[in-house]
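For reference, the structures are reproduced in the following blocks.
Look at the two complexes coming up: chain A is in both, with chain B in one and chain C in the other.
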Partner chain A sequence: MMKQLIHATVAFMLLSLQADAQSRFFTKTGRIKFDATVPKSPEAIAGVNNAVICVMDTKNGNIQFSAVMKSFEFKAALMEEHFNENYVESNKFPKAEFRGSVTNNNTVDYAKDGSYKVKVKGNLTMHGETKEVETDGEIIVRGEILEAKATFTAALSDYKVKVPQLVADKVSQTAKIIVECSLQPLK
Partner chain B sequence: MNRSKKIRSGILITFLLVSAGAIYAYREFNREKESVAAMDAAFKVKAADLIRDFTSDEGSATGKYAGKVMEVDGILKETIVTAPGQMTIVMGDGVSSTSVRFSIDSSFVIDPIGLTPKMGIRMKGVCTGYIPDELGIGADILFNRGMMADPDNNRAIK
Partner chain C sequence: MKKLLIPIIILLYALLPPTAVAQQNEDLLSLIGDDAKVKKEFVKYAFKSPRVINGHSMEFLAPGTMDFRILHRFGEINQGFQNFFGLDQASMRMGFDFGITRNLMAGIGRSTYKKELDAFVKYAPLMQSTGSKPFPVTVALVAGMTANTLPWADATIENYFSSRLAYYYQIIIGRKFNESFTLQLAPTMVHNNLVPLSSQPNDVFALGFGGRFKLSKRIAFTWDYFHLMNGIQQDVNTHPLSLGIDIETGGHVFQLHLSNAVGMNERAFVTETTGRWDKGQLRFGFNLSRVFQIKKRAEKI
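And then the complex of A and B:
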């Protein structure tokens, strides 16, 4: 009897762990595009990071992503140097991260293929500053894969990112942070 | 030297200085990133040693390696193609769950067919930093502008 009880407990624990694992999705090749272009910019002030790490738990809608600032690539060498050295000071603040959740997670049927409009809310940390952000996003369920997309707008002043006066009219004071992650089940 | 000659010389010197400044600014503004292929590696390390450095003291390793061109020897874990021209080569030390991930330079094409997991591989790229295992999916040391360290294994996109 005792042996059966132990077996049943272990089986229950394993099933619970499996269920938990199946509700978690992740990627290590997510993409974030940082765009601070304005009409007066001489060229697009935009960088891309293709090594974003993201984990989402479909059970509660919790979502978290981390990005290394030096992984942002810009077309022009000077722009990339200014981004790292003068704006985000990536030696001092090497990472950015978001911890939040899909607030209307119950409207997404993760078992059914389709596109779902979602609201995302959480804390975005960049340049050592953390601010609460909220935005609209989209989750596309495609078989076992979840495509998560969201665009955040971040006022550079909120994150104490200083734009030199000389180029103030050529750089947007609010950056668009476009996140695109193709998440696969964490097995 | 009479007064008009002095003025002419002054104007000429000013013009030359302004022109030189403008040319420098233009060239600097349009400067392209130097190809990693043409750059010497500041460090040549084994993946196991690099992983040990980052996992034992992230801050010190980040200060030492981030932003540097490096060559890393390791064991291939997987090759990931997320989109045309967007490839990641993941290597490790064969033991730990920590990975060394190279986002491949978009100006090169690497044929993934010859790359099989567990084979030895040597990559070159710019170290960008480290993400510890806070999410339960293994830690990662990240590289940008990656390429095979042996230039014969990369095909440049013309």
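And then the complex of A and C:
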């Protein structure tokens, strides 16, 4: 009787572990675009990172992103240099991270294909500063694939990113950030 | 003993927090291997510009960009107010440098001093990098030539075009030690096909020391010194030393400096620097650099 109980307990624990594993999704090729263009900008001030790491646990809605700042690519090499050297200081602060969760996770049926409107809330850390971010997003369930999309704005001053006076009218004080990740099951 | 087991299991369950709560703060990102630390990454931005002040730096232009450079060297400051501290007399060089690949660039220029044309190729077989298979320094090779286009000094004798030419070769060994400090050594050889005096050597060897110390994100202190190993003639020429400030304004890099050199190509400033720091024979000068993207980058945005 005692042995059976122990077996049952162990089996139950193993089962719950396995369930955890299947509830997790990830990508290493997520995409984050940011745009700080204003009408007076001489060219689009925008960069894109196609190597964003994103991991999501559908069981509790936890979602985390990590982006290497040096992986942002720009149309002009000089803009990339300025971005890394002067604005985000990517040697000092190599990564941006978001750790948060889908607050209405229970409204998403991960077993059923479809598009679900979600609210995401969490902490965005960039340039050594952490700020709470809340945004509307979308999760699209397509078979084994989850697509996570969101667009939000971040004020550069919140992250102590300074725009020099000389170009203050050519660079937006708020960056529009567009996130697109296609997540696969994490095995 | 057996009777104790059930309470122990129950106790364990009670003590262990519910899994869902435990996972609220779970580090999901740690479940994914971090490729960023393994990847080889070349160290960039050792200098703001591919030139320290006069000499080449270990830095390369990004592929597909062109650096339009306007250089000015004024008269000696000790000339006083009459010549507005030398600003009345300007010597200039206009140059176009091109970034071809990550480790290859080339450029052309023309100086008013001796109406000289110059051209160079700079290639780095080794570059400072971090990550997997890191390398501590950048090694860059420079080969250049200059052509003096002044009228012949003596047109009555037979003159050869080759007499107008000079060549220079340089090995730059540089390291960006940290965000603010970069240092490089540059053994240099200049060959003049024709020298004005028979006492002057055709081949001059010099050891260059260049560096940068960043004072802020956009301002850096720079120095550029070439120690001549031979070819110094008393009261004729000396070692060129330049001290400067790099200011990056968003689109331009201004390199303001004080120097005893007037020449703006390797032949001119290595072998024909006449001013002396100890006699106050200094000149104010500036380099203005503007980088243009001339080749469109792959559309990923």
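We adopt the following convention: the second predicted complex is superposed on the first by the 177 of 187 C-alpha atoms of A that agree within 3 Å, B and C clash if a C-alpha of one lies under 4 Å from a C-alpha of the other, contacts with A are read in each partner's own complex, and residues count from 1 in each chain.
Everything that follows uses one rule, which is that a residue touches a chain if its C-beta (ideal position, glycine included) is under 8 Å from a C-beta of that chain, and two chains touch if they have at least 3 such contacts.
Since the structure is predicted, the reported quantities are computational estimates derived from the model, not experimental observations.
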**Study point:** Overlay on chain A: chain C relative to chain B, clash or fit
**Key:** clash
Review point. With the two structures laid over each other on chain A, which partner does A:Ala46 touch: chain B (first), chain C (second), both, or neither?
Key: second
Review point. Quick one: chain B or chain C, who's touching more of chain A?
Key: C
Practice item. Examine A:Ala76 and indicate which partner it touches, taking first as chain B and second as chain C; both and neither are also allowed. Key: both
Review point. Touch check for A:Val55: first (chain B), second (chain C), both, or neither?
Key: both
Practice item. Could you look at A:Asn91 and tell me whether it touches chain B, chain C, both or neither (first, second, both, neither)? Key: both
Practice item. Identify the partner contact of A:Thr29: answer first if only chain B is touched, second if only chain C is, both if each is, neither if none is. Key: first
Practice item. State whether A:Ser182 touches chain B only (first), chain C only (second), both chains, or neither. Key: first
**Study point:** Footprint overlap on chain A, where chain B in one structure and chain C in the other make contact
**Key:** 26, 28, 50, 53, 55, 64, 66, 68, 70, 73, 76-78, 80, 84, 91, 94-95, 186
Review point. Can you list the residues on chain A that touch chain B in the complex?
Key: 26, 28-29, 42, 50-51, 53, 55, 64, 66, 68-71, 73, 76-78, 80, 84, 90-91, 94-95, 182, 186
Revision key, fill the gap. Per the touch rule above, chain A residues touching chain C in the complex are 2, 5-6, 9, 16, 20, 24, 26, 28, 33, 44, 46-48, 50, 53, 55-57, 59-60, 62-64, 66, 68, 70, 73-78, 80-82, 84-86, 89, 91-92, 94-95, 97, 101, 164, 166-167, 186
Review point. Once bound in the complex, which stretches of chain B touch chain A?
Key: 28-34, 62-63, 66-67, 80, 82, 86, 88, 101, 103, 126, 128-131, 134-137, 140, 142, 144-145
Practice item. Show which residues of chain C lie in contact with chain A when the two form their complex. Key: 2, 5-6, 9, 19-20, 23-24, 26-29, 31-32, 35-36, 41, 44-45, 61-65, 99, 179, 217-218, 248-251, 291, 293, 296-297, 300-301
